[in-house]
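After this come two complexes, each holding subunit A, first together with subunit B and then together with subunit C.
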Partner chain A sequence: MGALFRDPVLFATVLGTNLPFLSMAVILLFTRSKPFVSSRISVCSIAVSAVCAVSLLVRLFSAPALQYQTLWFSSDKLNITFGYYLDPLSLLMLTIVGIIACLVQIYSLGYMAGDPGYSRYYAFQSLFAWAMMNMVIAGSMLQLFIFWEMVGLASYFLIGFYYEKWSASQAGKKAFVMNRVGDVGFFLGLILLLIAFGNLGIPELNHAAVTHGLPQGLLTVSSLLIFCGVIGKSAQFPLLTWLPDAMEGPTPVSALLHSATMVAAGVYMFSRIFPFFSASPDTMAVALAIGTVTMLLSSTMAMVTYDLKQVWAYSTVSQLGYMVMALASGGYVAGVFHLTTHAGFKALLFLTSGIFIHEFHTNDMRIIGKKGGRKLKIPMVCMAIGALALSGVFPFSGFFSKEAILTVLASQPSKIWYAAGLFGAVLTAYYSFRLIFHILLPKGGIEEAHHEEHGASSHEHEEGHHGYIFWTMAVPVMILAGVSLVLGFTEHTLEHFLMRSIQVPGELVAPAAHAVSVAAHVAAGGAHHAHEAGSPLLTILGVSAGLLGIAIAWFEYGRKGASRNGFLSYFPAIWKLFDCRWFLDIFYRKGLDTLVYAGLTSLFTKNDRRVIDGGIDGICVFTEGSGRLFSFLQSGMLQFNLLLMVLGAGAAVLYFVI
Partner chain B sequence: MNSLTTYLIISALLFSLGLLGILQRRNLIGMLISVELLLNAANLNFMAYNRFVSPDPVTGQVITLFVMGLAAAEAAIGLSIILALYRKMHSINIEAAQKMKG
Partner chain C sequence: MTAMNMAGFPILTTILMTTIVGLLVIIFIPPEKTKLIKQVSLASASTGLALCLWLYHAYDFHKGGLQFVERVLWVKSLGIYWFNGIDGINLPMMLLTSVVLFTAVWTMWELENRVKEFYALVFLLVAGVYGVFMSMDLFWIFVWYDVSLFPMYPLIAIWGGTRKEYGAMKLTLYLLAGSAFILPAILFLWAKAGGHTFDLFMLQKIGFSLFDQKVAFLMLYLGFGILAAVWPFHTWSPVGHVAAPTAVSMIHAGVLMKLGAYGVLRIGMMLCPQGAVYWSHLMALLGTIGIIYGALVGLAQTDLKYVIGYSSVSHMGLVGLGLATMSVNGINGAVFQMFAHGIMTALFFSSVGFIYDRTHTKIIPELGGLSKTMPIASAFFIFAALAGIGVPLMASFWAELLVLTAAVKVFPVAGILACVGMILSALFMLRVVQRTFYGDKNPKWEHIPDISRFLAVPRVVLMSCILFFGLFPKVMLDVIQSTVIPFVTRF
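Our next item is the complex of A and B:
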């Protein structure tokens, strides 16, 4: 306890990460009926957490990685420790989570105003912040896993926040179940490691992987299993359909959990034990393929939907795919950098969408456009900034991180990944600007045209009831827009910061992992390469991919007399394919129906009815029958029975005495 | 006359009376009283042995007190069962209770 107060770093860590839990407890126990108090408690505590996170980042900026740990329990050779691991990666992620959670909670003051579940909302937000922050600074994989599940729980609560709505509760359940599928793999991987290696500490694991302390087979199997967790949490290819459905939650929740931070947890975990993963070339190859497939599939889905939030949801999935691709091809810095910038601009996009949805009470971009979405000038500009960042246009943050990723992909021996990355960039720019143009330049103009003349948007917002609510929502959005503008220029600082603590296998040369080590080494310094020979071409290609996408979107939705239907509407089959999410959900439904419900469930039902119930019923019938057999002795004549008893006792006495 | 045998005979008589009562009375309260007789016969035995065989430790007296407490409890429970039965059957005749046979 004394150490806690003597060491300011430890104090800030413990305070910053656990204050949200305290606020959740206070809200749930005492202030549930007082929404105003609850929200202020929650916002204050998350603000303190964010301040703690930032001060930790500043204080430890050039310090070596710090580790605090105590023994939780030990048994034989097994030691489970509990503690904090503060290295550049976790500090960076802690700061991202703290700041975005803080902004989103401030935003929610306006967005959720008047909701009957206001206190509950803030309690769950605090729960999420607590779990996420603890997950980020976890010192061992087991601790990470525990908070990983907590985060999943918070996500379940928040997706199903409007639980009286059938689709919302279904979506919550779906997200929870699909995540568990991945987590089973994750957990098995951890158990395997625990049995074979006996230690789940993150630095120990990375060190062992780097120094070849683990056999290759074990490494591959366990890293593949752990990668299942990434697939579930970060909505990668086979398990990607839960994320679009998760948009049933309130919009700030989508911004915080389902785009900026929680779904990035999978990618974070990947980079957390990056040396461990990169020591297994097979896993890296699988991850690269999955990342690419995810990225392309979800981009195509985003091209056809008209739901504002769905577009950003698919886009989140595809950007997560980019991050996985970058990490899987060895680009540690590129992946983490994209995670950082994506957290900023995707939170921005969701929060601005939230303002539109709040204003026009619809998710449909066509209706928002018709009703005059562009008259909301601040959100419109901010959303455009977010979309530009997403499309990778200079000088917005997305440009730098996407550039870094494409450079890493270009350094792969096979160019197909690079081509896929470029194609994905075109699609990304296309679907983002399809949305922007839909709102900015709606088909057939704005309906209430006369409003437009005196429609200076700021004037409209100051009309009575909009003032306070609008500004609590607009200020976080503007901050995020500013962040998206400047974050890209921190690339080099960030790179040096991150590279300080990471050990790629290349640093300890060994023939077995040489191929990976070279790839990892080259890619880890991916940003450096951007300024070496051949890189201008890459930059030009990357930027022109983004611009091409925007140009196509302009041609179809922006220019005068454009059809505003999209070229895909000429191919109804493909449209349907994209619109139905490549029939993934239907496939799962069918699989579930035939395999689980018709197959396993009916088998188990039969087993239950016939064997278990039948067995117990049989025992009952036997007992009852044998009881009836002897029940004639029970004549009900009490005194007769007593007489028999006395005679029996007398006979026994006689027998024993004589 | 003041010997162990006297007490044992009296106790045996008491016990036989109780047994007779419990076996042939049709009235439930009568049966309950007979049970008290049985218990008191046992008590008398305990006291007699305590007095004549091992007077120093008071084990017999303690057991007697214990049995008296037990008898009180038994009477309370027995009477309440009889009351419940009376409410159900409107009779405290033991033969009426035969109807409860399963």
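Our next item is the complex of A and C:
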């Protein structure tokens, strides 16, 4: 306890990460019926957490990585520790999580105003922030897994927040179960490491992988299993369908889940034990393929939907695919940098969409456009900034990170990944601007009257566009837009900062100098390519991919006399394929129904009823029946008994004689 | 106050006496004074709880071994001792029993029908349970075991619900069939050891031949396994749960099923270690089948109590798998899981009991939207469901982690299948939660008030128990492991 107060860093860490839990407890136990108090408690605590995170980042900016740990419990030879690991990566992520969570909670003050579940909402938001922050600074993989699961739990509650809606509770359940599928792989990977290696400390694991302290077979199997966790959490290829459904949650929740937290957790975990993953070329190859497939598949899905949030959801999946591609091809800094910039502009996109949805009570971009979405100037401009950043247009943040990723991909021996990356960039720009043009330049112009009528009749708190509600929503959005403008220019600072986190494992665990150099050399190999980013050809290609996408969108939706249908509408089959998410959902549903519900479950239930119970009941019936039979013998009729006796004696005599 | 100061005081017998004195006092209270009967019950249960907590605190896990020993010769010619003691395996079970009894008594506060008889029988049952856990003499273990079984029949047949006569009969027959295996096995071991002692530790020193161990262990495993709802002897358990009144379900699933697993560990594995090793593959197989099978059948159930009953089958399968590994982590995890599952399932039945009392149904399709009308009562169930899924920072997570770590090491296929069972358990728990508590406000239940503060107390006690041991697993594992480490050296 004493150390906690004597060490300001530890104090800030513990306070910052656990304050949200405290606020959740207070809200659930005491202020459930006082929404105003609950929301302020939650916002204040997350603000303090964000301040703690930022001050930690500043204070430890040039300090070596810090590790605190204590024994949680031990069983046999397993020593489970609880601890914090503060290195550049975790400090950066902690800051991102703190700031985004804080902005989202402030935004929610307006967005969720008047909701009957206001207190509950803030309790779960706090739970979420607590879980996420603790996951980020976890000192061991087991601790990371624990809070990883807590993040999943919190997101289950948040996605299913409107639990009276069947689809919402269904989406929450789906998210949890699909994550579980990935987590079982993750868990098995950890168990395998626990058995074979005996230590799940993050620096220890990275160090062992880099210095060949782990046999290659074990490394490949366990890293593949652990990668299953990334697939589940970051919605990668086979398990990606839960994420678009997760849009059932309130929009700020989507913003939080899709930018800096939940889904970013998978990518964060990947980068957290990046040296460990990169020591297994097979795993990296699998991850690269999965990332690419995910990126392309979800981009195509985003091209056909009219739902505002769905577009950004698919786009999140595809951007996560980008990050996985970057990491899997060795681009540690590029991946983490894209994670950072994406957190900013994706939160921005969701939060601005939230303003539109809050205003027009629909998710359909065509209707929003018609009702005069562009009249909301601040959100419109901010959304355009977000879309530009997403499409990778200079000088927005996405430009820098996407360039970094494409440079890393270009350094791969096979150019197919680079080509896929470029193609993905075209698609990204296309679907983002398809949405922007739908709102900005709606088909058939704006229907003035309709909007007026609507605005007057609906919500009670729509007191003009510039009241309290509007500003609590607009200010966070404007801050995020500003961030998206400037964040890109911090690339070099961030790169130097992050490169230290790769070298840390060596310094921390083994003071031996060669270990340090090996760690730095092997694990950061890819990152150096990013540093060399300068080939003008690559930049030109990258930028023109984005511009090409925007141009196609302009041609189809923007220019005067455009058809506004999209070229895909000429291919109904492909449209249907994209619209039905490549039939993945239908496949899972069918599989689950036939295999589990109609197959095993009903088979086993029948077995219980008929075979086991039937057998036992049969024995009972038999016992009862034979009892009746024998009771018949005990009838008390003397002559009958005498007859039996004589017959029996006769039989015995016969037996002995013969 | 340390254990040494209390060395002379028969604390274990005193704990046993709290239930028996409670029983006797209740017998002499006129049946119409129901309030007084309940107060006496609660007082007696609380005394037991306080003593068990003290016991837990006073047990010195650095020293380990058997502590608080009471050993008096009772029948010399047969070698029967009044021999009680506490070690790291039965200490968590004692604590579990006292917590479940305390919360069960409190949960049934609204009982109106034959209050006196009900509480008297409950105390008789729990006396048997305490007796089994604390006794270190085979004879007494068997006696207490049967004492704990008989009250189940009237408790279910009189105060029960759905198909109560059938459920009570089925349960009693199954458990007696179990006894029919256990008694010969005990007598067999006693006779093989020369017929002059029932003392577990003296029997342990006698090396039984491998063949004897195989035979005896199989019989003990089958006999106790029935009580632990080992597949395929599990069907009595969901039926019994469904038929039983709330408190009985709590005690039954929370404590009584643990008697089975405890018996396998305490008698079977302790006296016949080589026999246990011989049958370990069978145990692992049945345990794993139980995990998967229980979860899958649970998916198809429409009765809340059936769902929990099958989840118990699944969770007890995990205990079986843990024991089968014969390793420190496996047995640590199994004992921890026995404790965690006991508390969790008591919370389950306690919350279902409240819902059933108010809505008079536990059929899932008839419920729905309960969160709107009774948010707090629903939260208790949802909390238990999360514990059942194995969400981290709840006690059962650590138990699962330890068991699965050991299982993957010793029986890789079984271990991996058991991990897959985690997905199924998430699926079926969340399915129940969704259908029962989520959805639009149900007009049928709109008039029902939420759970009162008073009735929330036992549920909160159980919840805090789950959280406490989830956050501080060391408190439990240090105790368990002090006994398990020397225990496994014999395999």
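In this section, the second predicted complex is superposed on the first by the 559 of 658 C-alpha atoms of A that agree within 3 Å, B and C clash if a C-alpha of one lies under 4 Å from a C-alpha of the other, contacts with A are read in each partner's own complex, and residues count from 1 in each chain.
In this text, contacts are C-beta pairs under 8 Å (C-beta built on N, C-alpha and C of every residue); 3 or more make two chains touch, one makes a residue touch a chain.
A quick note: this is a predicted structure, and the numbers were derived from the prediction, not measured.
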Partner chain(s) touched by A:164 [first = subunit B, second = subunit C, both, neither]: second
Touching partner for A:631 - first (subunit B), second (subunit C), both, neither: first
Partner chain(s) touched by A:51 [first = subunit B, second = subunit C, both, neither]: neither
First, second, both or neither for A:639, with subunit B first and subunit C second: first
Contacts of A:180 with subunit B and subunit C, given as first, second, both or neither: second
Partner chain in contact with A:485 - subunit B first, subunit C second, else both or neither: neither
Per-residue contact with subunit A, leading partner among subunit C and subunit B: C
First, second, both or neither for A:113, with subunit B first and subunit C second: neither
Footprint overlap on subunit A, comparing subunit B with subunit C: none
Residues of subunit A touching subunit B in the complex: 631, 634-639, 642-643, 646
In the complex with subunit A, residue positions of subunit B that touch it: 19, 22-24, 94, 97-102
Partner subunit C, residues of subunit A touching it in the complex: 71-76, 78, 145-147, 149-150, 153, 156, 160, 163-164, 166, 169-170, 173, 176-177, 180-181, 183-184, 187-188, 191-192, 194-195, 596-597, 600-602, 604-605, 608, 612-613, 616, 620
Residues on subunit C engaged by subunit A in the complex (per definition of touch): 170, 173-174, 232, 235, 293, 296-297, 299-300, 327-329, 332-333, 369, 371-372, 386, 391-393, 397-398, 402, 404-405, 408-409, 415-416, 419-420, 422-424, 426-427, 430-431, 434, 437-441, 473-474, 477-478, 481, 485
